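All chains are identified by letter, namely A, B, C and D, in their written order; residue positions are counted from 1 within each chain.
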Amino acid sequence: MIRVQADDFDVGAEIAALTAGNTHIGGVVTFTGLVRDFAGNTAVGTMTLEHYPGMTERMLGEIEAEARRRWPLDASLIVHRHGPLAPGDRIVLVITASAHRQAAFEAAEFLVDWLKTKAPFWKRESGPRGDRWVDARAADDDAAARWQAPRQE
Amino acid sequence: MIRVQADDFDVGAEIAALTAGNTHIGGVVTFTGLVRDFAGNTAVGTMTLEHYPGMTERMLGEIEAEARRRWPLDASLIVHRHGPLAPGDRIVLVITASAHRQAAFEAAEFLVDWLKTKAPFWKRESGPRGDRWVDARAADDDAAARWQAPRQE
Amino acid sequence: MKVLYFAWLRERVGTGEEEVSPPPEITSVSALMDWLAKRSAGHARAFENRDIVRAAVNQEFADPADAVSPGDEVAFFPPMTGGRP
Amino acid sequence: MKVLYFAWLRERVGTGEEEVSPPPEITSVSALMDWLAKRSAGHARAFENRDIVRAAVNQEFADPADAVSPGDEVAFFPPMTGGRP
């Protein structure tokens, strides 16, 4: 399941809803992304996450489907927020549930890595020196590249 | 932080308490272990988790300290339940929080692997054919062995 | 053809969405960018550095050489920057 | 010396904890197991397969050759089986 929303989410409630009634699940892994203080700034600012409605849902759905092809998951969920957010706020939630803990861990990490390169979100930070759009980081592409299937020569 | 308790826990509330006020945290990973249906049984049974009070707390504390030596964590928590549990119940919770998502993922996986080999818990399952103590699995030792430092010859 | 702009491309162009009717010879994402860049000073600034402009056609990522057709939804945006711990 | 038993060792011995005073020549975990095994039929059954008995001395895992002393807390138990997905 995927959801794109301005509202906050409750990790415990999401886990409970996702796993209810399935007693084959042995392990549930969650990743919650939080808004950090901006690097190098002592002042705490807010940020706004813009996204591409329609394409966001499509890309999150594709990423989730890919994870479920690769790992034996009993359940999975991606929730991504948009709109104004302050440091400490939850931005994104990934949940994976499986009979096997390692599948749950690997799939969660895969989803988080790919979210950062495939999901159409753009972050604008507001600080004491005004607003700025955040640049993409090469590090995120590197993390996602780990999961590429080996290419044929 | 570590806790050993008979009571259930609320994952969302534990994350919130652990990360409150720290806006350096960028990612929080949780692992929740659930009681599964017993393999090969269609009947749903209960189980009881016995532990070694005192040593349990000591071992969980050592495992957590080792994770914090190896990864740059802002916060971590291990909660382990004991006593009677039914399929679908939460048994164990691991939370790791870090500025860097990969540190949080690796540390959580490390903690879960080591919990299974170092924490003094013994599981007794009640099924339609009576009670039995569960045997240890070699697979858990293998998973923990991944994290061993290379030995000198 | 519906064209969407996000983040600083939207700010430079001055709108998030516009309906355009490029001439028939505009058949690729790259040619569409050239054509759009001439519509206004804001468009020109939005497309001044093509290396950092990404595109999607009908909500799928597209390369500059990919085709565009009159009924398409074409979007332009900077590299994505979701949550990044 | 306080001796603790867990899981099926506790059930076989018939108690989870006992205070014992082994003779001075009992100085290792291994020797203590030999000595305890003679206390009752239940003790004998608890220690009949040493390969699957684990020990801790003062709440730290211990090998059969490790030392035990009169004031120690010594525990015997099967291999651990916590949550195992």
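Observations on the structure shown:
Just so it is clear, a residue touches a chain if its C-beta (ideal position, glycine included) is under 8 Å from a C-beta of that chain, and two chains touch if they have at least 3 such contacts.
Computed from a prediction, not measured in an experiment: that's the story for all the values here.
Any chain bridging subunit A and subunit D, meaning touching each of them, is among B; the list is complete.
On a Cα centroid basis, the chain most remote from subunit D in this structure is C. Note: centroid distance subunit B to subunit D, computed from Cα atoms, is 26 Å.
We define each chain's centre as the mean of its Cα atoms; on that basis subunit B and subunit C are separated by 49 Å.
Shared contact sites, meaning residues of subunit C that touch two or more other chains, fall at 83-85. Residues of subunit B found to touch two or more other chains are 25-27, 33-36, 99, 101.
Contact residues of subunit A toward subunit C in the complex are 33-36, 49-52, 54-55, 58-59, 80, 91-92, 115-124, 133-137, 140.
Of all residues in subunit B, only 10-13, 15, 19-37, 44, 87-88, 99, 101-102, 104-105, 108-109, 112, 143 touch subunit A in the complex they form. Remark: subunit D residues 4, 6-8, 56, 59-60, 75, 77-85 touch subunit B in the complex.
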